[in-house]
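What follows are several structures.
The same subunit A turns up in both complexes below, where it pairs with subunit B and then with subunit C.
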Partner chain A sequence: MHFMPILSTLRRHRTAAALIVLEIALTCAIVCNAVFLIRDRLSRMDRPSGVAENELLRVQLTGIGERADAQAITEQDLAALRTIPGVKSAISINMIPFGGSSWNSSISTKPDDRDAPVNAGMYMATGDIVETLGLKLVAGRNFNSDEYVPFDDVQSETKGIAAVIVTSATAEKLYPGQSPLGKPVYVMGSTPPVIVGVVDHIVRPNDANGIDQRPYSMILPVTVPFNMGGNYLLRVAPDRKQEILAQVDAKLDGVDPRRIILERQTFAQVRAKYFEQDQAMARLLLGVSIALLVITALGVVGLASFWVQQRTRQIGVRRALGATKRDIRRYFQLENFILATMGIIVGMALAYGVNMWLMDTYGVDRLSAMYLPIGAGLLWALGQIAVLGPAVRASSIPPAVATRSV
Partner chain B sequence: MFQMQDVSKVFRTEMVETHALRDLSLEVKEGEFVAVTGPSGSGKTTFLNIAGLLEELTGGVYKLDGVDVKALDDNARSKLRNEKIGFVFQSFNLIPDLNLFDNVDVPLRYRGFGRAERRKRIESALERVGLASRVKHYPAELSGGQQQRVAIARAIAGDPKLLLADEPTGNLDSQMAREVMQLLEELNASGTIVIIVTHDPEIAARAQRNVHIVDGVATDLERGPALVKPKAAEAKAS
Partner chain C sequence: MIGYYLDLARRSLRRNVALTILMILAIAFGVGASMTTLTVLHVLSADPIPGKSDQLYYVQLDPRPVDGYKEGEEPLYQSTRQDAETLVRAKQAERQVLMTGGGAAIESQQVGVDPFNVEARWASADFFPMFDVPFVAGGPWTAEDDDAKARVVVLAKPLAEKVFGTTDVVGRTIRVESNEMRVVGVTDTWFPTPHFFDLNTGAYGVKELLYAPFSTSRELKFGRNGSMNCWNSHQDPEALGAPCEWIQLWVELSTEAKRADYYEYLTAYSRAEKEAGRYHRPPNVRLRNVMEWLEHNQVVPNDARLQMWISLGFLLVCLINTVGLLLTKFMRRSPEIGVRRALGASKKSIFTQLLVEAGMIGIVGGVLGLLLAWLGLWAVRHQPTPYAALAELDTQMLLATFGLAVITSLLAGVLPAWRGCQVTPALQLKSH
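== the complex of A and B ==
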């Protein structure tokens, strides 16, 4: 190995060496953080909703003007939608997972609790949410039909809510380590409903309360008309989604044409729309990372090519003194490895610096240490690939170059 | 030790075919000091390149220490070159980024010697050329004569059987040239074959044998065109 002689050579060409080390370091720092952020975005996009996504269709609509008969129209709409072949169930719901807008409320085991242990998303629907969304009931039961009360009655406090279903995460927050069934919670009004069931999970519609708050949801047996939230959710046969969507307008217009249908979406489209900024950011970061890696690779190729050209005679002399083609190739590869390693070491320190700045400025998470070996491996591999061409060219310089007059 | 029989070298391009060497035969025994002279473009450097395994021959047979070099692949030629041949070039060809120690170390690393063995050989070689105290110096810090002595140290550190010198005094003043020649003669006296390519008749006169190359054809200045037998062998035969 020519480790020390190469170091000696690099010391004597320290400006060029320092520039390529700096380029590698900056690339390492930025790519480590970019990969970390991409991974973070992808994991956000992959988060489970808890609902039967492949079987759900969403119809978003709005009425024209105030409608005193909205609840009655809603019931007619749902009845009409359920007649479409392939529709298993349909509900009118105030908000949907990944829908963006959300209804939230503090929820506590004590009345008037200013330090409520959890703030939860509040799902309400005309129709069976558990059945339509395909939620997994892990304890207790679904609502009985006599437990449903109209939203207006709850708001005017003419009727109270008797029952509530919570997610398992919400239940654990309220009654840690205990069965929550039959226990009261204070959520709307002064009469506490009782937890009658626990569902595994239903994600909140957005991250407004923080990404770590996403599993905290509850379902209330409160019926909502189409103009409150404006969402119909249909659980359908997965292979008939497009066919069903094509019939929705006619069915709804048949009940009341004085509505505007804003969206007809599969749940995959709802999810894609919600995460489109994350996806765009991930693509942007990926593009920047690839561009940086390409620029770094070109820098390595450029410097190595320059050095090969500059050292043509020296390479011939080395060949004359007994170096094989492989020795010459390995010399340049080792030289690149040393430069890349220096760049990676500086780059790792820079990566943490950039991450700390991102943490302070944008509140991103701390960079996981696992991204450093990933970045290092990537840059080592990139350097070796980039230097291979110049190294092979160097190895093809004939030893007779040593005796040629300059 | 060194046998060339009817060696030829032809350089071909699409348009031109150049015969750089024609049927050159030369045999050199251990301990001989041979000077190769000739005008510019006569084929001296081609002869040196072929003798030093830097180029492949087109025709004929070349045996170095009993090994037919024509049958060797590039790796085997590199290995043989490293083990058997030392080079001294006109322009020294030291590596400017390495100090004297590391310059002399270059062929030894390719030989695969361990660190201690290399150190011993480097120190011994630099001692022999009188530069042991300057191991940390770089070539640019030395005079031309000193640089050529380093090149000689690099050439002899691996104990080669054949030392090929290409105009070793061409870039030196007369005093330095005499010192370098004295060094080469000392090496020859210790048993190393020295073949020196030179323009300088004074240098050539110090060699035991003189081979003159013109238009790729070699002639022994003492014995005519057929250059086969070395002096010692001829003496025994007579």
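== the complex of A and C ==
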């Protein structure tokens, strides 16, 4: 097949050719970036929490008025919840992974450090966090039962915190390359707790401190009443979640009916809620990408059909002079390939430019080079599929057309 | 003549129905998507308190310790309780209010209504006149109520209706966190968006239904919502002298001169506090009005802007698509145009004829696009975004949609029509 005749034909339809090239280029640029953004959202949603998600239930509640006996009620609630068949353990916790609202503190290896190296999420619970959340202890030990102190005593500074468990990322940040066990962490109060254990990972409740800060958390042996944390977390048998959730209200009302139960959720629901905007955005981007590809494909079909109609006589002449059906079909396919290639080349540059602008304005990451061949392949394939119909129609024009006057 | 052109256009468009539909749909989807996202952006960046937004100022001071100080950096995001109460008491602005978000459990007198939680605002008395809060019954509490830590509340209309079944409830009592509180006023539906006076509890979709004096809320230990930061540990972070920022402080200043004066006043205040040993840094003051404050906090979500750019890109592709197809179509009609030219039609009338055909596609596409935008906004309202409920088409955006549709169709038509009328009659006649 010869390029030259195709190019000279295209040169005669310069404006139309330029428009289709531009359309392919823009589609390529937008789709490359959209696919990249979709990937980005999906990977955000895949973020590991570090907890046994399939076995966790969350009950969120709040009290009415000031309660002096809140801690006692909390203990009774937890005892009542543990009697539900299928519940393995239950805790009252101040915040939960992907829960949104968070407790944080700057922590350091030195006292009164204004340039503390880490700001970490601060998990505290009445009950065993490591066991209930299914955290993986990679070094040291869990808290001993005599290490737990009530939150009120910590705040009034009548009692200090002796121990802390940190995530491995936090340990590495505080004491890089060393064993963190037995080392102090300056957090609140003047006497620092020492690190007794390291857990693999527990994600923070939100990204408020920056998305790269999410692995920095610690667990303190501080007991919190239900009206402070607002969350009960239950570790349950995975196949009995709904049945257990249905019994929660009655158990809690049995202890004290003057509470408001705000949420009864599986952890999957907590996660879905936290990422629902990312999911919506990913869906929207996907929809726009598909719509763009469809429009562009239809544009190619429309343009090719016109050109086939316009060149009917010319095709007849070529057929009469000995060109095979295949030659004619190939002509249109190659023509489309040339247009698509030009569009893709311009589109790559545009995609890169759009990405630079997005990086600048919206802080998205740099477009990874692997999206460019994906976009190119997609548009080549799309162009060839779109042109196939008109090309076959062109190839079936009989040579006799050449002899007819138009 | 136009009537004739319309008829010609109609015939031409009917000759290739599939293509006509493709061009119309491309324009419609492009316009629909763009108008949907532009409308969302328009409502998100709207002035929440038009007419007064340039007279309300958010106060920022810097009581933090001297270490870590960098010259020119932002002061503290919120105020300490100490500064807020001092400045409100000093009354150096026309009006001043201190406040925090909160939450409270309400027990209804209605039979069969379980206790429930509402979002609330604990504020000082100037809140209502300052933000022009409309009342359906009663009115705000007074500064004396603030001083006396009076057990008074203002309810939003939906809460009054839920608890009492009516808004005529001034003087009645309501149980808030087990305390009997007297209702002094009921506000009309008032949910300014963005929720400019406190962005910590969310910029969109915040529905505060209960208001009580800040002083009372501290006395009764009502729960607070929002963000709190402390730079030293303290037994009670909510106490008067605690080194914690958690209060929003707003002042009303009706002229530029008063703004300058108040800025001077805050600077002098900071200096005096430093001399007294409570402040440690050189005076670092910010006074931003409502729109400056929203701009500074970049309240409009990036996703909404991103969606707008994507839809405009989509519109551009649709537009190019339509231009390309129209162009090819008109070029194919060169022989016909050649004949018309040879029979005496001027370039101008050919141009008009072709533009009418393009315009028809544009207008039909635009009207369809408007329907799609309406559908798109309906879809946005069912999205899980906090601003979902705001996505409504107003007159301004309705007109803008028509404008966009007309501009789009003209853009789509001008180039093909201009190229189409360039036909040299002799050449076209000769070749056939």
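Keep this in mind: the second predicted complex is superposed on the first by the 406 of 406 C-alpha atoms of A that agree within 3 Å, B and C clash if a C-alpha of one lies under 4 Å from a C-alpha of the other, contacts with A are read in each partner's own complex, and residues count from 1 in each chain.
Methods note: a residue touches a chain if its C-beta (ideal position, glycine included) is under 8 Å from a C-beta of that chain, and two chains touch if they have at least 3 such contacts.
Since this is a predicted model, take the numbers as computed values, not measurements.
S.K.: After the overlay on subunit A, what do you see for subunit B versus subunit C, clash or fit?
M.R.: Aligned on subunit A, subunit B and subunit C fit with no clash.
S.K.: Between subunit B and subunit C, which one contacts more residues of subunit A in the superposed model?
M.R.: C
S.K.: Just to be sure I read the superposition right, which of the two partners does A:Arg204 touch: subunit B = first, subunit C = second, or both, or neither?
M.R.: A:Arg204 sits against neither subunit B nor subunit C.
S.K.: So, A:Phe306: does it touch subunit B (first), subunit C (second), both, or neither?
M.R.: In the superposition, A:Phe306 touches subunit C alone.
S.K.: In the superposed arrangement, does A:Thr9 touch subunit B (first), subunit C (second), both or neither?
M.R.: The answer is first: A:Thr9 touches subunit B but not subunit C.
S.K.: Would you check which partner chain A:Ala320 touches, where first means subunit B only, second means subunit C only, and both and neither mean what they say?
M.R.: The first partner, subunit B, only.
S.K.: Is A:Arg329 in contact with subunit B, with subunit C, with both, or with neither (first, second, both, neither)?
M.R.: Neither partner.
S.K.: Touch test for A:Gly65: subunit B only (first), subunit C only (second), both, or neither?
M.R.: second
S.K.: After the superposition, pull out the minimum Cα separation from subunit B to subunit C in whole angstrom, please.
M.R.: Once the two complexes are overlaid, subunit B and subunit C approach no closer than 9 Å between C-alpha atoms.
S.K.: Mind sorting out which residues of subunit A both subunit B and subunit C touch, each in its own complex?
M.R.: 13, 406
S.K.: If we count contacts the way the header does, which residues on subunit C are in touch with subunit A in the complex?
M.R.: 19, 22, 26, 29, 33, 65, 67-68, 103, 105, 107, 114-117, 177-179, 220-221, 223, 233, 235-236, 302-303, 305-307, 310-311, 313-314, 316-318, 320-321, 323-325, 327-329, 331-332, 383-385, 415, 419, 432
S.K.: Subunit B touches which residues of subunit A in the complex?
M.R.: 2, 4-5, 8-9, 12-13, 313-314, 317-327, 398-400, 402-403, 405-406
S.K.: Can you list the subunit B residues touching subunit A in their complex?
M.R.: Within the complex, subunit B touches subunit A at residues 45, 48-49, 52-55, 74-75, 78-79, 81-83, 87, 89-91, 93, 95-99, 102, 105-107, 109-111, 154, 166.
S.K.: Give every residue of subunit A touching subunit C within the complex, in rising order.
M.R.: 13, 15-16, 19-20, 22-23, 26-27, 29-30, 34, 37, 62-66, 114-115, 155-157, 188-189, 258, 260, 262, 273, 276-277, 280-281, 284-285, 288, 291-292, 295-296, 298-299, 302-303, 305-307, 309-310, 358, 361-363, 406
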